[in-house]
Each structure stands twice: as structure tokens, then as C-alpha cells.
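What follows is a set of notes on a single structure, which appears directly below.
Order of writing sets the labels: A, B, C and D. Residues in every chain begin at 1.
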Amino acid sequence: MKQNDQLQVNALSDVEHLKVHGRTTGCLTPLTLFWTGSAIEFNVKGSELWIEVEADYDVYEPWISIVINSVPVSRQMLTAGKYWICVFRGMNNSVVKNVRIVKDVQAMSGDPDCSLQIHAVKVDGEFLPVADKPYKIEFIGDSITSGEGTIGAQAEEDWIPMWFSAIHNYTAMTAAALNADYRVISQSGWGVLTSWDNNPQGNIPEYYEQVCGLLNGTKNEALGALEEHHFDTWQPDVVVVNLGTNDGGAFHSPEWEDSLTGEIHKQRLNDDGTFHKDDIQAFEDATEKFLMKLRKNNKNAHIVWAYGMLGIPMMPAIYRAVDAYTKKTGDKNISVVQLPNMTEETVGSRSHPGVLAHEQTAKELAAYLKDILTR
Amino acid sequence: MKQNDQLQVNALSDVEHLKVHGRTTGCLTPLTLFWTGSAIEFNVKGSELWIEVEADYDVYEPWISIVINSVPVSRQMLTAGKYWICVFRGMNNSVVKNVRIVKDVQAMSGDPDCSLQIHAVKVDGEFLPVADKPYKIEFIGDSITSGEGTIGAQAEEDWIPMWFSAIHNYTAMTAAALNADYRVISQSGWGVLTSWDNNPQGNIPEYYEQVCGLLNGTKNEALGALEEHHFDTWQPDVVVVNLGTNDGGAFHSPEWEDSLTGEIHKQRLNDDGTFHKDDIQAFEDATEKFLMKLRKNNKNAHIVWAYGMLGIPMMPAIYRAVDAYTKKTGDKNISVVQLPNMTEETVGSRSHPGVLAHEQTAKELAAYLKDILTR
Amino acid sequence: MKQNDQLQVNALSDVEHLKVHGRTTGCLTPLTLFWTGSAIEFNVKGSELWIEVEADYDVYEPWISIVINSVPVSRQMLTAGKYWICVFRGMNNSVVKNVRIVKDVQAMSGDPDCSLQIHAVKVDGEFLPVADKPYKIEFIGDSITSGEGTIGAQAEEDWIPMWFSAIHNYTAMTAAALNADYRVISQSGWGVLTSWDNNPQGNIPEYYEQVCGLLNGTKNEALGALEEHHFDTWQPDVVVVNLGTNDGGAFHSPEWEDSLTGEIHKQRLNDDGTFHKDDIQAFEDATEKFLMKLRKNNKNAHIVWAYGMLGIPMMPAIYRAVDAYTKKTGDKNISVVQLPNMTEETVGSRSHPGVLAHEQTAKELAAYLKDILTR
Amino acid sequence: MKQNDQLQVNALSDVEHLKVHGRTTGCLTPLTLFWTGSAIEFNVKGSELWIEVEADYDVYEPWISIVINSVPVSRQMLTAGKYWICVFRGMNNSVVKNVRIVKDVQAMSGDPDCSLQIHAVKVDGEFLPVADKPYKIEFIGDSITSGEGTIGAQAEEDWIPMWFSAIHNYTAMTAAALNADYRVISQSGWGVLTSWDNNPQGNIPEYYEQVCGLLNGTKNEALGALEEHHFDTWQPDVVVVNLGTNDGGAFHSPEWEDSLTGEIHKQRLNDDGTFHKDDIQAFEDATEKFLMKLRKNNKNAHIVWAYGMLGIPMMPAIYRAVDAYTKKTGDKNISVVQLPNMTEETVGSRSHPGVLAHEQTAKELAAYLKDILTR
């Protein structure tokens, strides 16, 4: 093998022009990527580029996708260790390439050891500035927003990182259609009030103000996951909340018992199959409260509750909660929109929306957001 | 990181149930994959699978795609060295997974150092038999058949392995639609008589009877690339020849001069832009001769000359050559079919047919071959 | 021209097997078709079929479509007069043809002289029974449901019958997808509370219990349009209400003044562009009241408010009204669903949803209703 | 009914601005439309337009489609008689409408009594000039080109005019895509040498130089159908010949016996299912001769033999015939192109290509012709 003698190693913190996507602590020595869709982006003039990554996990390994000039070219599992990955080689060194290395899997609340870090880059050329896009969008969601099921055969049933994708995902597609930078806050199985299995700790709102507060363990704490997020560093134009699917599921799941306290939680159905009045109200209260928290931290963003890719049983409650919020606050910079339901033709793996469902959602959501962003 | 203590290493030659795709020497210690679309395939019952690869190159690095239960899940560049790659982990160990690791780049006649080998596998379960599919198809072609341009942005111009794909390729799609095993013999820029730049050595027929005779250098010779291919080990039901595009291009390219002998070759145009009679006849003669060679080695296969994804200037000559062949031999188990032309909407990178063009071709070609295979 | 001597004239009332679609008075001497999508349907064994129609109008002429074996084959304007129309001729007289002659234009509240009647049929064979379909659906709506804009170039601006269609219409498509009989109650520009121009008489609910009460003039009265409709003769499984678009438009239109009384009506906007509290409440009250009327007459039907093909500004009010209705009545056999918004690609003539928009709506609505009908 | 007092009758010959499509005798008193796709076209400024037609037939009645501003709005059977048809009414009289009334059925060689004439127009406004389009295309073909099977359910089997369409037809679609005027010469079942049933009189070439010479009977003769066509009045840029499908079918059909002379004709197959050498040569000779005739009458047109919508068994013979023609004449302004084969998804009624097949063909053919027209 011929060595490329021109390659020079730079610590990430020494790279002049670098764009980080996704909530991080701001630290670059090294950079820890927590959320799905978080990424580093470069404009590189050179023939060859490498990045030094460090991955670890107990159960769920990280995956990355490499996107060159807006097109995905590689996707790979990152096994444990610290090593160099070649992003490209043999290219025309006088042409600028836009490169994005994207975390392709959600933050893993179920694996305290899971981490993905980037230490350094190696290049035989130079980095040029990466401009911000005209809009910023924050997506908040569950497994749908984590892209669970967008990779793999329909028959797949294992809950593993391989079936997740940040790329074949309505978040990335919607942002691309609108020429927007974006961030994702998401966790499979979680909701506004509880997770799908009635666990009240599986709620996104509680952790919304931390960098990545739903992660556990001392390692994540040391990495800064539990730090307060500084909202002033990145104010979105739109916040899209795609939650409620698991809150709806909880009504049909067995009760959850806290193994420590013995406390029990269950969202109840009436005998006729409708939602118990108190429990649906609890969801509405949680939604209203979450809206308060979103508004507190995102003063000027239009908030869109976007729901419906796996049915719309919670839609009346969502509309009521948004109504109640608006009545109390007078805030009208908020709306609700129904997303297209998954069909037999658009289902992916693990009975989740597949890439066709994400494409359809992105098309409709981007059209809806375009009206809002340009009015 | 938690270690999986159940993993056991097996040399590839010790794996009982293993299916190799593509022309090879038959050697498994290690297995060398030469052609694009060549692969190893397993049915694995286990939770975790690794393969040990060895890659090398001077210029053009190999890439692989991993296909699980018929769906591509990973695609990565293989940098130089000998190392383990994790195919999957964390899966249900009682379920059988079909796994195919596919060479995603063509044999590289321009880089004598380029090689891809597989030494061993590591698994915590067992391998089960992989059945043959009901049909066998051999595809012979040029850059189109090598999948050049099926990955990457339209703006890409570098000639590098990254823009090639064996997966987003009409060969793989056609075979899948027909439930067929398949092999690919292809080289970018090459033709029946000469390559696009009039080099008479850039012709596929000359090397058709070797394992991968168009490779150069002592290493490839040692790997067995120049060995005679044993056609009796794999007799296709259909041979699809997608050649002629570069032979047509040669008429519009400058003459080629042999740097050693000073010999010059040029396919000439008349003043009115039509093909010079002698030179188009030389193409027809080469085509006829190639058909003889194909028939000699594939006694019962239906031969289909399938041409047209980048225009049809050579079609009359192809029809004439096939007519001449049939007249001389009486062989009627041969036909010509026009493939759909690439359009502005279906172009990929490097001005080559993109994935949409390959999908359209696969749809039409599979329908055409289905009639032949089932009549 | 060769005469077909076998043709025999039958008054419609003498035809043994005949199916009438759409609300009518029940009279067959002759049959008056009022609503768009209303039709007569035959199963005919014979080579040739004619119908005797009578059309009149002052401004807006009727149109019909002829549908044979579920495929539209003819569409024509019916100029004033009483005359015979040939439905088909020259067909195999031993084969049964399913034939539907469909009124392709809405009831015309703006033209008291507009009428379409069918007097007789002429056939050289026999009529066979027409079975009912397994489901019945009633659609209630405005111009969208009347199919305004589904025919004609995008540039068309005239408000004329030619641009309406009952066939290229989500109502017909949804019913076909669900194998359902269906009826349509619709009027361009009308709403739940007022029409698009704030006219409080342009509301569908007021006329819902009559055969076709929104028609005017002594002729229509004589034809029975103002008679009470007998709901027990046709009880739908689902009532789809696609209203609200014009109620929303009224907020953006000038006030309406009653030319007789001088009474003024105007749905008001606040200075910040949001809906005036009292006026949106008036819409919600009207919606709630309409739901009461729908339930009174359709005891077992699932009621679906389906809205959104031209934006969703009224959706929060619709959800509130349905909530209020459910709270008061305990009736939970009702839901709201958002229809896909028209886009630049799916717009038809007169800035209305085109046939592509109707197809998309039908696909999503049929999937939604299928869940309801089969649970 | 309110009368429009402004309407004024004009004999067609008195209309200043009028465009006639399709081969005719030039006579306007009245105008006889022979071929499918033939038409009259107006640019009308007025609110209302009528045309006076006269139709007759013994077996096969004529149909027309009305196209307004390039969009089909009406399609109807024309029963026997002379009468007025309303094209539009109630439109804005200050806006210019482009109107085309199109014969929707082929010339009927099997019904000497079939005729369609246009005598006069009635309008309340004025006619403006209709410009020629930049290109002219002539299509020559059989049932495919006559649009047989593009209307109606797949189950339809009757051979009747209702299932034909000039509008849902690759000819109209291709011309529209290229912004071209076009004419069609076509007859179901006919070929270059014989019809599908081996009748040597069912060949298009013999009648190519007459206005519509394949029609029979004294009436057609009186109407001028047998007159010599004046090619200098309309010279196409491209002649598309879509023939060969019935010539291929003849090999698989029983022999034909001339009822008068007892003469027998049969295109024979060899025992192995291949074409008899002499009979396929007869087809090639006929093709070559037809090319001579086409070139004689269309000096500058590019001739394209476009074949393949129902399989490609005759393609080698077509290529040979074109080669032979080119060798003899030196004429290189000719090419062959394969059209996409009909599939299960694109089949229409009567086992013929449906509208989806015509759309696919039009897309590919238009792209092919665009290259030729713009090079």
C-alpha cells in the first residue's frame, strides 16, 4: 500500500472550521456525540480525510453514516475501541467536499456504557468555513423520530442499533427539504407522561433542559450529559414535537411497578375501550406543562405538535392540551398537525414506519413548515 | 465493554455451510473475491458474527456491503490491513439470519495491488446450509454493469471506488426479481473490441475464460486470477451481455498509441458522422467471435445481448453481428434486447446511470428474462 | 344506418331491476337526480342500451358520466331538451354489463331552472338484479366534495359545470376502495355556519333533512326537492363531513348584507389575525348542533369529520366542537381526521384540489375508514 | 331555458381562423374527418360554442373527444344524424379558449357506411388564428397506434369503438411532450405485409399515398377517401412507424383464403418454432419497399421504426430490412427504436396496452425523438 505522506493529524479542537450538529457540552477534547442525527461537518479541500473515533458500549454499539455532498456513501457499526476511520481517499485535491459524519443511533438510556467520541482528523489539505443554514429546527420524539425500523427486513424483531437510522428519517429529510440545520431529542418507547409500558420515568420533558439527561451512569455524567443545556447557543425557528404515540400505547399495556418503591403506574381504559377521564387528563396536563417548558426555553420558535404516523388516538387530547395552554398563556405561536399514517406498503422493520413512511411524512411536514417559516 | 465469551473463530475453510458467489479459484485459505457482486453468504443461527478480512491496494481500495435477510444494512471502505469486522451483534440467537458480505467494487485492472480476501469467521452459534436459487445468471459488462455512478452526488467527477455499487445495480436487482444466483464479469471503460479510448487491450472477450484475467501483476497471478476458469462448476441459465457502449465511444475518442510498440488504434468516423465501414465491421466480427466463445463455454444458456442504457448507436451493428452468428452456427438460443435509456431524472454521479436508471432497467430486463426462463 | 329492430322501450318505472343512487323522492315517472354522484345503475344483458333524459337550466347545465364495468367511458354536457342517449351498442348480447349513469355536477342552488331527469330505457335484452354493496357511506361537503376543479386546465377561472366531476372525486374513489355504496350532499362555497362570503343561508345543516332542500324555485318544489328525506330508507355505516373550509374563508371575506332585510353578517378576525372569540364559538356551536342532527338521523353511523385539503385553520375549533358534543351526549362513535393538504403538484383548475389531490385523499381516507368499518 | 341571442351560425368554410388536423381532402363543405386523432382546432373568444356534426355508420359509430386548453373535458359517442353539439357555454367571453374537437376512433375499413363530418359552428364571439407548432410528426401503426384498449375494463372483449382513444394514446402524448402537430395513419390488425390473419390486403403501405385509401364503398369514394394525398401540403419532421406486431402474429394464425379467388396466404413457422426463411424475407422485402415509399413522399423526415409494445419477435427482421434499405439507398436518416413492452400492470382492455403503457411509451419515445429533433 502506498502511503499518503501529505496527511497531517489535527486534534478536533485545533480544526479552525468545523461545525457540530446536535446538543453537546461544547467540549472538543474530545467531542462526544449523544443524540441521533448529531454530527460533525466539514468543508474539506484535500484528497483524503480520516477521523479518529472512540466507541464503547456494554450492549448497544454506536453506528455512523458518512454523507458526502449531501449523499450518504457509507454506514457502519463502530465496534469498541479508539481508531481511525477513512472518510474518503483518492479525490481531486483542488475540489471542496462537504462532509458530514452522523451518529446514526439514538442516545441509549438503556446502556450506560454506550458512547461515541471524535478525537481528531487527518487530512492532506485544508478546512474551509461551513455556513449556517437559513433555518433551525428542533425535533423531539420517540422511536419514530429515532428512525427505528427504517433499516432492515420487515421480519426483523430484535431491538438493536442496526435497525435505526438518522438518515433515512423524516427529520433529516424535512430539514433537507427546507434547507435547515436541525437537532433531534428522541428516545424509543418514551412519551410525554410515561413510556409505552407505563413507566413514569420514561418521559422526555423531565430531561429536556439537560444536554442529554436521559442517559445514566457515572461515565455519562463525566461526559457532561447531565449538564444544563444552554438554550441561548442555538435557538430554533421551529420546534416539532412528535410525541404521544407511547402515551397512547400505555393505555393498552400492563401496569408498571417501580422495583424500588413498589409504586405502581397504569393509564387506564374504561370498559368500553375509551380512555379513563383522569388518566387522559394527566396526559393533557403533562403536555400543557411541557409546552410551558418548551416556550420558556425557545422564546420565538413556532411550536408544532406533529403526530399520527402510527394512528391518531391521542389527537383529541393533544388538541385539548394545546387549547388549554393557549387559553392560559395567550400564546398562539403553536399549532397541531396530523402526520400521514403508516400503511402496509410503508411499514419498515420492527412494525415501525419504514423509509417510505418517513419520506411521505417529510413531504407533508416540510410543506406545512414552509408555510410557517415563510409567512 | 462486555466481551462475548461464546464467540468461536473458524477458518473459512472449516466452515461447513458456506456459499461463495462470483468466480474464484476455489481456494478458501483465504478466499479472494475478485469481481463486483462476488460474495460469501451464510445462514447463521447465533447472536453475533464477525469476519476477518484482509485488504490491500495501491490506488483503489475495496468496499463491501453487508446484506442481512436481503436488505443492505452497512457499506464501508476497507482500508489496508488484516482485521475483524463485526457483521451483527445482539441478535436473537435462536433465529436464523441470512447474511451476505458483498464486494461492492469491480476488479481493478488499473491497480495491481488491489485485493480483498476473507480468512475466517467468528460466531457464537452455528452455520446452516444455504440453498441454491432456481436460476443462475451471468452478467458481462462495463462501467454500467460495475454500478459506476450509482452512489454519490451528480456533481461527483472523481474516478474512485466510492461511487461504485454492486447492490444499487441492475444486476443484483434483476437477479433478486427472478430469484436467481448471479455473477458479474465487468470492467469500466472496456468493450468487445476496444476500450472507450481505442485501446485494443481493453476488451472483455480476451479474458473471459480466466478466473479474473484482466488483473495485472505478480500478486494477482499468485492469487490465481490468471488461472483458467472451470465453466463446468457453474453453468448459467442466461448470459446477459451489456457491452458496446465503450466500443461506440471509441469512434468519438482520440486514437490510442501503444507506448511500447508505437502501434496505433482508432475506430474511425466518416465525414458525415457515420461509422467507418471497416471499423464497425471489426466490432461486428469481434462480437460474433465473442458469441462463439460464450457458446463454447455455456452450452445451454440463453444469451441475451442487452444494450441501451447510454444510447443505442451500436444497436444495428449488434443486430447484424448476432444475425451473422446465427446464420453461421444455426444457434437460435440468443436474442437482443434494448434497455431503457438514462434520462435527466435517472442520471447518477459521474454522468452514469443512477439508481433509478438501474431500477428501471432491472424491471424491464427481469420481465424479459422471466419470459425466457419460464417458457 | 342499420336499425336495431330488437330494441324495446321501457318506462323507468317498468324496469324490474334498477338501482338508484343518491337521495331522491323515490319517484320514477320520471326519476329526478339532484345531487352530484347520484346515478342509476343496471346490470344489462343485451347488445345495446339507450336512456331517455330530460335536461333543463337557465344558467348551469347538467353533465353526466357513463361508467361501464366500473370504468368511465363517456362524459357529456346535457343540453336542454328531452332526448335519447346511447349508452353502448354493438356489444356481445350474452354478456352482462354493469352500467352506471352518473350525474357529474352538484345540485345548483344558484339556478332554480336546472334539472336532470331520466324517463325511460331502450334495450335489446334484459335487466338483471344489482346487489347492494357491503357498506354505505354518506359524504357531506362543499366545493371540494362537489369535485370542483378536478377537470380542466389550471388556468381555468370560470365557475361552470364543466370543471366539476363526481367521478374524479375522492368520494367515488373512497367508496370504490371500500366496495361501498355512497351518497353525496354538497354545495360549493357553503359551510356549517355560513358560506365563504358570510351568507348565513349558505349552510348545509339547515337543509340536511330534506331531499335536496337547498334548491330554490317552484319547479324544484314540484319535483319534491323540499320534501322531508326518509332516513330510514338508507342508513349509512359512516357519515363523512368535509366542511369548515368555507367557514374559515368567511373570516377573510367582506361582510354579507341581506338585500331584503339589510341584516349584516361577518365572521371577524382580531387585529393579530386570529379568530374573534365569539365568531369562532358560533362556528363551534353550529358544528355541535349539526352533529346532533346527524346523530338523530343516522343512529348507528360512525361520524367522521374529515378536513384539511385546503389547509387546517379551523381544525382546533372542529376538535373543540366534537369534544363539546361528546361531553354533552356521551356519544363516542365520532372522530376527526385530517386530510392531506393540496400542493402545487396536486392543484387542479380554479385553484381547487385536482384529481391527484383527490386520489391522495381517497387513499388516506379509505385506509382510515377501513379500520373503522372492520373493527 | 334562457336562449343565447348572440349566437351566430357560420359554415365551416366561412370561418376565417380554423386549423384542421389529420389527412383530409381539403374540403370544408363539409369537413370529413377520416383518421383517429384528426381534429378541428379553434382559438375562440366568446362565451359559447357549438359545432354541427353529421355522423353515420352501419356497424361502428364515431366518437369524439373535446379538448379545452389542452385538457380533455368531454368524450361522447356520435349517434347517426346531423345535429348540433355544445362545446362549451357560460364562459368568460373576453378570454380566448383553445378548443380541439378530436375524432377518437380510427378509420373503419370494416364499415363502409361509417363517416364523421363537421358542417358548421355557432358562436357568440370571434375566432382568432391558431399557430402551427414547431414540429410535425406522422405516426403510422396498427391497433396500438389506434389506441385500442386504452379505455374500458380489462375484462372487455368486444371489438367496438368505445374502447379506442386518440387521446389516451402515445401519439397524442408524444406530440404534446414535444410540442408538435401530428397525424395518425393506423388500422387495427394490419401490418406491413399482411394483417394478423394472413390477409395480404391488410397492409398499410398499399394505401399510404391516398387520403384514406383503406376505406371501402361508394360513399367513402364520394367523400374523397381514395384521392391521392398531396404530401407537399404537410411535410413531417419525423415519421414514426409502429408496425410489425400483426406481421409477427400472422406466423401464429391460420392461413387466409381469398373468398373470391381461392388464393391462400400463410406466413409459416419452421418446426422448431422459428420463422420460415422465405416468409420472414417477404416481410423484410415489404418493409424495405415501404421505406422507399415513405422516403419518396417525405424527403427530409427522419424515419423511426418504433416497435415493441407487444413483444419484439420481429425486431431482428426489422433491423435487417432497415440495414438492407440503407445499404441500397445510402439513406441514413432512419433508425430503429424498441418501445417498452406492456406488462401485467400496464395492460388495458382487450389485452391491449392500456393508458399506463401508452404513457410509458410516450415518455421514452419523446425523449428519443427530442434528441433527433434538436441535434
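By our rule, a contact is a pair of C-beta atoms (placed from the backbone, for glycine too) under 8 Å apart; a residue touches a chain by one contact, two chains touch by 3 or more.
Note that the coordinates shown come from a computational prediction; the quantities given were computed from them, not determined experimentally.
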item: Distance-maximising chain from subunit D - centres being C-alpha averages; value: A
item: Length of the line joining the C-alpha centres of subunit A and subunit C, rounded to whole Å; value: 45
item: Centre-to-centre distance between subunit B and subunit A (centres being mean Cα positions), rounded to whole Å; value: 38
item: Interchain centroid distance [CA atoms averaged], subunit B/subunit C, Å; value: 58
item: Residues of subunit C whose C-beta touches two or more other chains; value: none
item: Chain-level touch network, classified as line, ring, star, complete or other; value: ring
item: Chain-to-chain touches, reported pairwise for every pair that qualifies; value: A-B, A-C, B-D, C-D
item: Of all residues in subunit C, those that touch subunit A in their complex; value: 272, 274, 308, 312, 315-316, 319-320, 322-323, 332, 336-338, 340-341, 343, 364, 367-368
item: In the complex with subunit A, residue positions of subunit B that touch it; value: 1-2, 56-61, 68-71, 73-77, 79-80, 86, 88-92, 95, 113, 151-153, 155-158, 160-162, 349
